[in-house]
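Per-chain residue numbering starts at 1, and chain names A, B, C, D and E are given in the order in which the chains are listed.
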Amino acid sequence: MTQQPVSQTENSPVLEIRGLTQRFGGLTAVSDFNVELHPGELVGLIGPNGAGKTTVFNLVSGFYQPSEGEIRVCGVPTTGLKPHKVTALGVARTFQNIRLWNDMSVLDNIRVARHGKLGYGFFHAVARTRTYRLREAEIEREARELLEIFKLDGYADEVPKNLPYGLQRKVEIVRALAEKPKLLLLDEPAAGLNSVDVQELIRLVRWIHQTFDITIWMIEHHMDVMMELCERIKVIDFGQTIAEGTPEEIRNHPAVITAYLGDDTI
Amino acid sequence: MLLSVENLEVKYGNIQALHGISFHVNEGEIVTLIGANGAGKTTSLYAIARLRPPEAPRVTKGDIRFRGESILDTRPSDVVRKLHLALVPEGRRIFGNLTVQENLQLATYAREKNADLDKDYQRVFDLFPRLAERRNQRSESLSGGEQQMLAVGRALMTGCKILLLDEPSMGLAPVLKYELFRTLKQLNEEGMTILLVEQNAKLALELAHRGYVLDTGTIAAEGTSEELLGNPEVKKAYLGG
Amino acid sequence: ADTIRIGFNIPLTGDIPKVGESSKFAAEMLKEDINGAGGLEVGGKKYKLEFIYEDNEAKAESAVTAALKLIEKDEVLAIVGPNSSKQAVPAGQVCDDNGVVMISPWSTNPDTTRDRPWVFRAAFLDPFQGPVAVNFAVKTFNAKTAAVLYDLSNDYSKGLAEIFRDVFEKKMGAGSVVAFESHGTKDQDFSAQLTKIIAAKPDFIFVPDNYNQVALIVPQARKLGYKGEFMGSDAWGSAELMTLCGDDCKGLHFSTHYAAAGAKGATKEFIDRYKAKYGYVPDDVAALTWDATRVVLQGIQNAGKLTGKLRRDRKAIREGIAAIKSFDGITGSMKFDEQGDPVKCAVVVQISQTGKFEFKESVCPE
Amino acid sequence: MLRRYSVHILLILAGGLITWLAYEEMVSLYVLSVLMFMGINVILSASLNLVNGYMGEFSCGHAGFMCVGAYVSSLLGVWLFAKDKVFGPPVLDPDLAIYAFPVVILAGGIAAALAGLLVAIPSYKTRGDYLAIITIAANYIIISTIENIGAIGGSRGFMGMKRVLNAMEDVVYLPWMVIWVFAFTVFTIWLLRRYVSSTFGKGVSAICQDEVAAEIMSVNTNKIKTISFMVSSGLAGVAGGLFAFVVGYVNPGSFNILKSTEALVMVYLGGMGSLSGSVLSAILFTLLLEALRPLQIIKWIVIPLLLIVLMQFRPEGILGNKELGDVFPWLKRFYRFK
Amino acid sequence: MLASILQNIINALQWGSFYALIALGYTLVYGVLTLINFAHGDVFMVGAYIAFFVATFFLSTLGLPGWLVLALTIPATMILTSLVGVTLERVAYRPLRRKGANRLYVVITALMCGLILEHANLAILGASRKAFPPLIKETVYTVGGVSFTNLKIGVIVTAVLVFLFLQWVVTKTRVGMAMRAISYDKFAVPLMGIPMDNIIVATFVLGSGFAGLAGLLFAMSYPVLEPYMGALIGWKAFIAAVVGGIGDIRGAFLGGFLLGAVEIMVVAFFPSTFRDLIAFTVLLVILTLKPTGLFGVAKTTKI
């Protein structure tokens, strides 16, 4: 399988965020947020609605420029980089609301995700040079391999909008993996899945985490998922960290219970 | 019987999505539809709300009755206006270019002039204090969960007596999810009839009086919540163990 | 084969549908005349006329295909039109290449006929009309300064404006054209240009524009407080000018091909009949199309006889037209110089208080 | 084998046939001129489809780029190879025109591609109808610039291209324009097809369907947009160059907004994002315009009516976003459409 | 110098008010359906012709006095023109909308409808232009070298009134709110109990009605009517609406005056041959700096 070359020393963090603050007009969505993710970790990010979780992901993936603070991916500061450059550093993500390219086949969705490491340009494409043919063959092979691993090969030529919701979620994750990231950000991957699919998702994420040897950071409101998967969970509210610890610690943290978990009697 | 669906078949273009399903909702009940992704839950709700193609399906066979009368020819706006039936659609579908306040205000479009709106606003803001805080924010910049609150709040503002909800807990933090379910229960106790579609089948059945299990466009099982919760097949296929 | 087919490459749609309509009306009238009299007599034999109207949509490329269609598919003997230079220049090339006579009633761009033995025209050129306007204005208005307002995208208007400026400044000294302003073809508001012109205080304003724009320009100038003179060009020469412009245009002068009001003889007859048939006094395009078509017919008659062999007949017609010594048209008598351009007189008319175009003065080339 | 070379063989045969027919004067110049305008329209609609169909923008200023190409090609051609009143005697031996002609046309294309930057750069930040206005503005700016350059005729237009063609025919007597229009039409389709079917070019569709996702999923959207706009406008420039030489005369008024809307109509008639649709609709549209000539004014009521009715039945254009091969699967035996 | 600047300001206001009037209709329809209604300029033209026929009918057939004719022509024109707009909506746009066609297909349909209106006019009425009869006596006032007429002032005032009215409708009334909601997401509109088709028809009534009013005023100010008179001004009004921020009433109003001012001022202070060049460069720069126009709000992409 496609193994990630580990270019940095084992312990230097994959992601390092210091003093991150993001304001929208008068609203501070994220304030003084810090985190360090080490290679191979699987970390959770939870918090009430509107706490700023997605905003943190958006900042990491370069979609927003932070008002303050610094983000480093594998030691490289990402300030001022456009999202595709950040992706090239090894950050891939999925979206809270699925954002697949709906009129392109599943296979093409995966292929386009290789854009950052294409290895050829416009002139190669139209002149169909040797480089082009070799790279294109390789991209296609890798894409099909990935689909096969995830048992999606039967859907290679389908367009995503015709797929069931659960599969769309899966395709989105596979697309993110196609970028061969070092860090995978999952924004509510279980949203809209039923209990059975959620179980399957848990297995899938764990399997990815092990097989691909990558760091995963995920947002999720399904507590089962978080409890089962995460080694460490960070809880934020109003853009500030209110708790951090193992799932067990979080589950019993009083502040987390009042702000987030609530009382499950109906 | 307040609302009944009889042998309903619907199509999207040439694709048949429902293959003759029947279910009913009695006045004052909470009924839930559960089922795997793509089973046809959303489709059923669209059909009841009389939404039109291209996004909604076309009824090809069967009937939908409200207090015994067919509503197949009712305009979707009249479903709200005359039958007092509101749908919280899947994916929120709030009006992002309007403020929170305007979204709520718009939902009162079809209400009588002298309706007591203040009470309804109060109820919505009590339920979702965050909405009151963000009253004048353009709603498209709300977080996912906040948008879901707005979608539910908006439906309540239509002054409906029957509430159709399509996965209302999607994207909500647990604390809010439970809060929402408690509110639904309370609404029901105040006389609201509720038809709930929910992925979290366990939670839904805990709330509902009765339920139907949908499977690829047909009804696979039905019964009271206790029956369904106790049904081993349902347990295996939909409750995740 | 007892018919003579002539093509008309005219703008029935597009920017200037009125021009196409006038051409068509005039041609229809001529055809009825001649066919009513049994046909055109060529070499002792009578031929019925068949006119084919192709719409060039006021577009260059459409004029080219229209010309080719007339030449190849309809096998016409000669082509009348296109009217504006935008279409006449490229269509002229096509006709010249294919050895078909083309005569443009209205085009004033020298390129239309230059070095093209097969292409003629019925209108006089800008280099002739410009000085006529200058001389008349200087003499009649006692003008020392002038302003010009023209249509930048209309090559007729632009060409004439530039020649006018050059001639006027040569005569009255540099800087005597105190304002030289342009507008676009479909513009309806000219207040900014007119404000600028009025501020420059010219003795008169030269407006080489189509009559429909004149009908907007003159009243607007009046409303901006301008009380002075205007001088116009042949594109003013439409009866519609007065229905559109109303009182504001009364008393103004313009140079043109013929004076409708004082017309006599064939000209008067043409005007009266056209008016009876279509309800309005023909404009200059109608008169020029009439003449252009008659030049073609004259050329055919000069050819002596028609063989039915297309190439030979077309060539004979060209020789026939080139051989015309002097042609008495309703827009004056003319002969063709070696470029195929007419040598003819211009007249200056004044718009009377009753809205008639009255003869003021005639200017002939030396 | 058949699949691989069938189209090449077909194209060579078709090109050869047309050339031969034209050479022997078996088809009339009229038919040839319609065919040539058809080719030019195919280039126009296919190239606009890259931006309006594949990329989902709404560019309404295509004629402006055509104008740039037309003027640059004409000026270059006449300056180099013909005696002219603007430039005087030819710079090079007119006999060379025969070799340099494609270069002259491509030069027009390159100039138009550079003009495309006028639109490409604002497109980094602006989208949708705001970008549409920028394209319209670009169209006006280009036309207005040319109208203001008196040296090349301004609104009087520019001519002399015929002499370049004559020079070519003097060396080898062949229907050169027919050949070159055909060649460049094929070139356009070839280029576009290769571009949009490569993984690199699929980025264009990704931008269309979800630009945010495209940028975050590693597509350099600015680069793709720049390339696409430049390719699109460059090809429009090629069409303009050919147009100039076919008509033999250029004039800024020929490239106004109306011309741009013609290209728009062809793109949407054929179907957004369908290359074969663009080709088909350009052919259809040209034929319709010619066939209905006898109706004169009524033609311009009938054609829009036809198109409206057509869109009622096919609200996604003739081919939608499919290629011919998706509609007629047997064609795939001969050709891979994507 | 001062006089000519003032004069130019008045010119700009008057010319801009036509752009504004037409742009308001554009933006209204756009604001609801995100449909660039390219037929709008031609609806404006039809409005001018309707005004012409109505006014000549009252003037010559009934022999009424001018001011009364004007008073009758205004509502008649607005009503008849809005019928044209509504017909287009019913016949051409609505079926496409029902079929879920890409909005650009509706745009192209609108373009085609415009062509039909132009050429049907040409075919029916012939190529002769029509002269609009003077309804009110236009008096020229000259104050300190600045000339203006009562009509010019009337046009400017009307544009402002129409703007205020539409701004009120769109921001303050529930119908206006419904219009904005439709523009964002048509799907959820019926769920609020809003009869969507009625709202859309109302939009076309307003948009075309005011296009008719603009046509009437235009015909009074520039009394030469021809079938293509709406084409160019329609495009320009669209441009104005977008530069202002399309879909926003304030944007259309301001954009109209801005475009009018740019065109007039460029002519006033530069050689007039550069008008289009400079005016469009200015617009291009504005849009590059403010990518969603003066008032437009970028649709926040929430991810």
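One rule holds for everything that comes next: a contact is a pair of C-beta atoms (placed from the backbone, for glycine too) under 8 Å apart; a residue touches a chain by one contact, two chains touch by 3 or more.
The model shown is predicted, which means the values in this text are computed figures rather than measured ones.
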{"item": "Given subunit A and subunit B, the chains that contact each of them", "value": "E"}
{"item": "By number of C-beta contact pairs, the top two chains", "value": "D-E"}
{"item": "Per Cα centroids, the chain farthest from subunit B", "value": "C"}
{"item": "Inter-chain centre distance, subunit A versus subunit C - centres from mean C-alpha coordinates, in Å", "value": "73"}
{"item": "For subunit C paired with subunit E, centre-to-centre distance based on mean C-alpha positions, whole Å", "value": "36"}
{"item": "CA centroid of subunit B to CA centroid of subunit D, Å", "value": "52"}
{"item": "Junction residues of subunit C, two or more chains touched", "value": "12-13, 17, 152"}
{"item": "Per-residue overlap in subunit B, given as positions that touch at least 2 other chains", "value": "141-142, 144"}
{"item": "Multi-partner residues of subunit A (each touching 2 or more other chains)", "value": "54, 63, 95-97, 99"}
{"item": "Every chain pair in contact, whichever chains are involved", "value": "A-B, A-D, A-E, B-E, C-D, C-E, D-E"}
{"item": "Subunit E to subunit B touching residues, read off their complex", "value": "98-100, 174, 177-178, 180-181, 183-185, 187-188, 190-196, 297, 299-300, 302"}
{"item": "Of subunit E, residues touching subunit A in the complex", "value": "303"}
{"item": "Subunit E partner contacts - residues on subunit D that touch it in the complex", "value": "52, 58, 118, 121-122, 125-127, 129-130, 132-134, 136-138, 140-141, 143-145, 147-148, 212-213, 216, 257, 261, 264-265, 268-269, 272, 297-298, 300-301, 303-305, 307-308, 311-312, 315-317"}
{"item": "For the subunit B and subunit E complex, residues of the former touching the latter", "value": "49-55, 75-81, 86-87, 89, 93-98, 102, 105-111, 138, 140-142, 144, 154-155, 158"}
{"item": "Subunit D contact footprint on subunit A (complex, rising order)", "value": "61-63, 82-84, 87-88, 92-93, 95, 99-104, 108, 111-118, 120-122, 124-126, 128, 132, 136, 139, 175-176, 179"}
